[in-house]
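Both complexes below contain chain A, partnered by chain B and then by chain C.
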Partner chain A sequence: MRSAVLWIYTALVFAFVFAPILFSVVFSFNSQRFPTIPLGEFSTEWYAKILADPDIWQAALNSLIVSSCTAVLATFLGFCTAYSDYRYRFRLKGAYLALILLPPTIPLIIMALAMLAWLSKIGMSGQLYSIIIAHTVLTAPFAMAVIRLRLNQMDENLEAAAWNLGGSEWATMRHVIVPFCRPAIIAALCLTAAVSFDEFAISWFVSGLNKTLPVAILEIVQGNIDPQVNAIGTFVFLISMSLIILAQIFLVGRQLKGHT
Partner chain B sequence: MTRNTKPDFYALSWRLPIIIWQALFFLGPIVFMIAMSFFLVKNYRMTEAFEFVNWGRMMTRGYFWDSYWHTIWIASLSTLCGMLIAFPVAYTLAFRASENTRRMAIFLLIIPFFTSYLVRTFSWFVILSESGVLNAMLGWVGLGPYTMLNTTFGTLVGYMTLTLPLVVILQTLAMANIDRSLVEAAHNLGCKPLQTIWRVILPLAKTGMIVAAVFCFILSFGDFVAPFYLGGSQDPTLPILIIDTTKSGQQWPRAAVVAIMMMLTLFAVAFAGIALAYRKRAMS
Partner chain C sequence: MSGDLVVFDDVRKSFGEFVAVKQMNLTIGQGEFVAIMGPSGCGKTTTLRMLAGLEAPSTGEIRLDGRVMNDVKPHERDTPMVWQSLALFPFLSARENVEFGLRMRGVDKATRTSRAMDWLDRMGIAEFADRNVATLSGGQRQRVALARALVMEPQILLLDEPLSALDAHLVIRMQAVLTQLQRELGITFVYVTHSQSEAFAMADRVVIMSQGEIAQIGTPKEIYRAPANRFVAEFVGRNNILSGTVTAAEAGQARIATPSGTFTVHGTLTQGQRASFAVSADLVHVHSERPEAENTLGCRLLSEEFVGSVVTLFLESEDGHEFKVQMQERQLSQFDLKGGEALWLDWQAAHAHILDDG
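Let's look at the complex of A and B:
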């Protein structure tokens, strides 16, 4: 009995967490300008509106460029750090790891201000690559964590065995370690791309006139109630979810294979 | 295999990229922001200097301290609500759910991190508004309409949207690692469920619980979306103050002062949390 109460409560909290996501998808197909219940008619008006808006297309393109470049850079840096942490012990390693792991614990608004000030100072603000730089700092820790977990699963003697068989360190890296980490690398690419695709605070500060989709949403929301936001949001949600599910498939799928 | 030899070219080529990158684009910005808090602004242009003008100005302004204590208050309130609302869920997932259900639940709770927080907030804006979904539903049972937007309640709904998934995950992980036999032993010895939670489970899960609370505080403290869109920003929180100061009037140095005060506060909270987590229990 008490168990039932606990489960009902749990379901309610999950409902609270997912209500805004669900409603934004529902509202995006709803004809009302001020959505309420009973719902209005089914309509694709808001989708038609955003598809006809060249600003939104440009923002979507910007988002795509930013998130894919961020993913590649962050995953590369994350891999280097994860491998260094896995294989070597060295002085100040704690500080070294803190250097990559700290950024996500600092509030985005502070990172946004610091990035804006610094990038302006060195003449690199207001460009698409400004967002890429900032997002790489922000997402590299996630890539590092995913790849580091994968390296934990690697047999410690695998690398040494390859060296004994005459492979150089570089050849071993290329033919043994990178292939072993491939699922984690792909998962890291997806995760970092998804985080970058949704980030708005830093992008808003450093992007200048180059809006990404979340910044476009921010600007629409600042104006008034406009259900276009739900349509864009649903679109962004679909992309992010596909990336997360892909990441999950690569991580879990590989693990299952490893067990059989 | 972990060797402690002098780093060679191979080792350095894996170790250095992140050091260079973070020095340029993480330490650089943070250090520059601290330096910037001493710069001067003349005729809307920032000039490099070492003056305490901005600090003196911000520290003596009533609106800064109002905003500061308001932000601490509302982030604390959010942490309290988040921890209390999440606990029964985490308890259920940790002790009543099967391994598979728990894993599925945690996967579900990760999803919100990758959906736009802005869109979710906008969704709440529409749901909570005067003629919105919630008031329409309450109207069916003869209640309301209530004003929920532009209130502390609205801000808290936003904060919960942001923090609850993470808090539930962290609490669940903290409790899932507890040795079940200890909990069963407490039951067998006649400990009532609430007593078991208070005397056995919470002490064992203390570290994880504190981590959850600290993250809840950090997220709420630094968020500008919930207080701005759902709370109406009549009492601006520090993040809103940073945005206002940065975006209007080019007063970046003053915004830097606010940002540094925020970071110092968060350090203090994090250290207090760590101290609390590792404090030896006085009575055991």
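Let's look at the complex of A and C:
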């Protein structure tokens, strides 16, 4: 009885979360212009339309560049901070960690405004790299959290064992620490790429004329109701979900294997 | 055993306020098997870590083969270690683990593979060479860890409680493997453990540490039969320790009055001084009637403990002091004990060993 209630509850939660996305996907294949029921015929018209639109292609390319650069930079920074936390004891370490984990707790709109103000002050706003900088700040804490979790599972003697066998500190970093963290590093790359790919507020403020996909979507919606949005949304959703699922596979899958 | 390999010269190590090792002087010979033993926090692991370069002495000097090692980085030393946690690289196969040190030293692939395979073969685990270490059993992992250290062909091998994670029957097997290896290779083993049976079974010399200081250095037999002080006598266990005042002293013999009674010991003491002595539990005999002997004592039986064919009796004297007596199970059967009965103990004066710290 209790388990039946639990199942229904879980199903409802999932329905609540995924129904809007599901409808967006369904309407993206609907021939009618307005999202109403009953549905019209099955159609790939909207997909054909966005694929023919050079602006959308440019936005998609921008998003790809931004999210991949952000992923690499944020994961690198996240790894460095996670390792410094793992390896060293120093004064004010608590404050250091709190400061690093701060960006995701700031409301995005405030972060976006602050980023715009600061980047234009130093003459770096309105470029594609402006978004990359801002997204790196936003997503590095996620990378750090994921990698830190992995480092905490490491045998505390593993690093010393590598030194003991003649590995210098750099060789140990390359041959022991990085390979040990590899699943977490891949997960962090996927996760930060996904967050960057989806992010709208910051991109919209600091991007200038370099639109990313979420910004392009907003501009279409601002004009009129256009089922193209559902088609793009379906793409964005698929990419983000794939990245998140990949991250999960690397994080949880490896952990389960580690316990056997 | 030719010459000294390791010298600790007035070595002291402190972590902030805490002094882990106080003034250690210790010399370890070439080809010697030395066990460093003591309770947790006695400084034994810190001593080993200093030898590996993972901690630097606060003051004093550590020399390895004549060379001062204080500022030599861990990776520039040739002091491989077998870790308590084994610290195998989980993302590498057994063979790659063994190859790791050679790879760090820049040995070419063909050579390191063949040397790693030689060692895996020698340890009897060649068939698991390409298996991930996580899939091996405890004993197999232990052998990978040993091979990984020994493939470096060091002069000295450091072992930090390497058998503590193994099942009891595997511990005995690995002890045999270790002693045999040490003899065949002729290299120095420094073995840190809290287990008396491991230390005594394998080591040429045992160093007993307490609170950062060496309490006694000696062969297992010396430490077992002639504990230097109360700490060693208690730590080694199964010793009955009595303290009192010397009431009579003459040529090589003395009487010591303790709360449990007055007993004769062999040794040079002065009248009126405080003195303690230890009698090993296996040198105390039990009688149901009072025997005619040098040292006798009436006790009440508290409990018995069986380990295999050896029985330990726990008894209490009238003043509440606990005594331990060890004997073979077949010797015990003549008594028909139910617990609580009065028994008599006796031991020879020659078997009462005087402790240094009174």
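Everything below uses one rule, namely that the second predicted complex is superposed on the first by the 248 of 260 C-alpha atoms of A that agree within 3 Å, B and C clash if a C-alpha of one lies under 4 Å from a C-alpha of the other, contacts with A are read in each partner's own complex, and residues count from 1 in each chain.
Simple rule for what comes next: contacts are C-beta pairs under 8 Å (C-beta built on N, C-alpha and C of every residue); 3 or more make two chains touch, one makes a residue touch a chain.
Note that the structure is predicted; figures quoted are calculated from it, not measured.
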item: Chain C versus chain B on the shared chain A, clash or fit after superposition; value: fit
item: Partner chain(s) touched by A:184 [first = chain B, second = chain C, both, neither]; value: neither
item: Partner chain in contact with A:205 - chain B first, chain C second, else both or neither; value: first
item: Per-residue contact with chain A, leading partner among chain C and chain B; value: B
item: Chain B versus chain C as contact partner of A:165, first or second or both or neither; value: second
item: Superposed model, angle subtended at chain A by chain C and chain B (C-alpha, nearest 10 degrees); value: 100
item: Partner chain(s) touched by A:155 [first = chain B, second = chain C, both, neither]; value: second
item: Partner chain(s) touched by A:83 [first = chain B, second = chain C, both, neither]; value: first
item: First (chain B), second (chain C), both or neither touched by A:128; value: neither
item: Chain B versus chain C as contact partner of A:146, first or second or both or neither; value: neither
item: Partner chain(s) touched by A:176 [first = chain B, second = chain C, both, neither]; value: second
item: Smallest separation of CA atoms, chain C relative to chain B, angstrom; value: 9
item: Chain A positions touched by chain B in one structure and by chain C in the second; value: 156-157, 160, 169
item: Interfacial residue positions of chain A with respect to chain C in the complex; value: 155-158, 160-169, 171-172, 175-176, 179-180, 182, 257-258, 260
item: Chain C residues within the chain A interface of the complex; value: 52-54, 73-75, 77-81, 83-85, 87, 89-92, 100-101, 103-105, 134, 148-149, 152
item: List of chain B residues in touch with chain A within their complex; value: 1-4, 7, 10-11, 14-15, 17-19, 21-22, 25-30, 32-33, 36, 85-86, 88-89, 91-93, 96, 105, 107-127, 129, 131-133, 136-137, 160-161, 164-165, 168, 193, 218, 221-224, 229, 239, 242-243, 246, 252, 255-256, 259, 262-263, 266, 270
item: List of chain A residues in touch with chain B within their complex; value: 2-3, 6-7, 9-10, 13-14, 16-21, 23-24, 27, 34-38, 76-77, 80-81, 83-84, 87-90, 96, 99-100, 102-103, 105-111, 113-119, 121-122, 133-134, 136-137, 140, 156-157, 159-160, 169-170, 194-195, 198, 200-201, 205, 214, 217-218, 221, 225, 229-230, 232-233, 236-237, 240-241, 243-244, 248
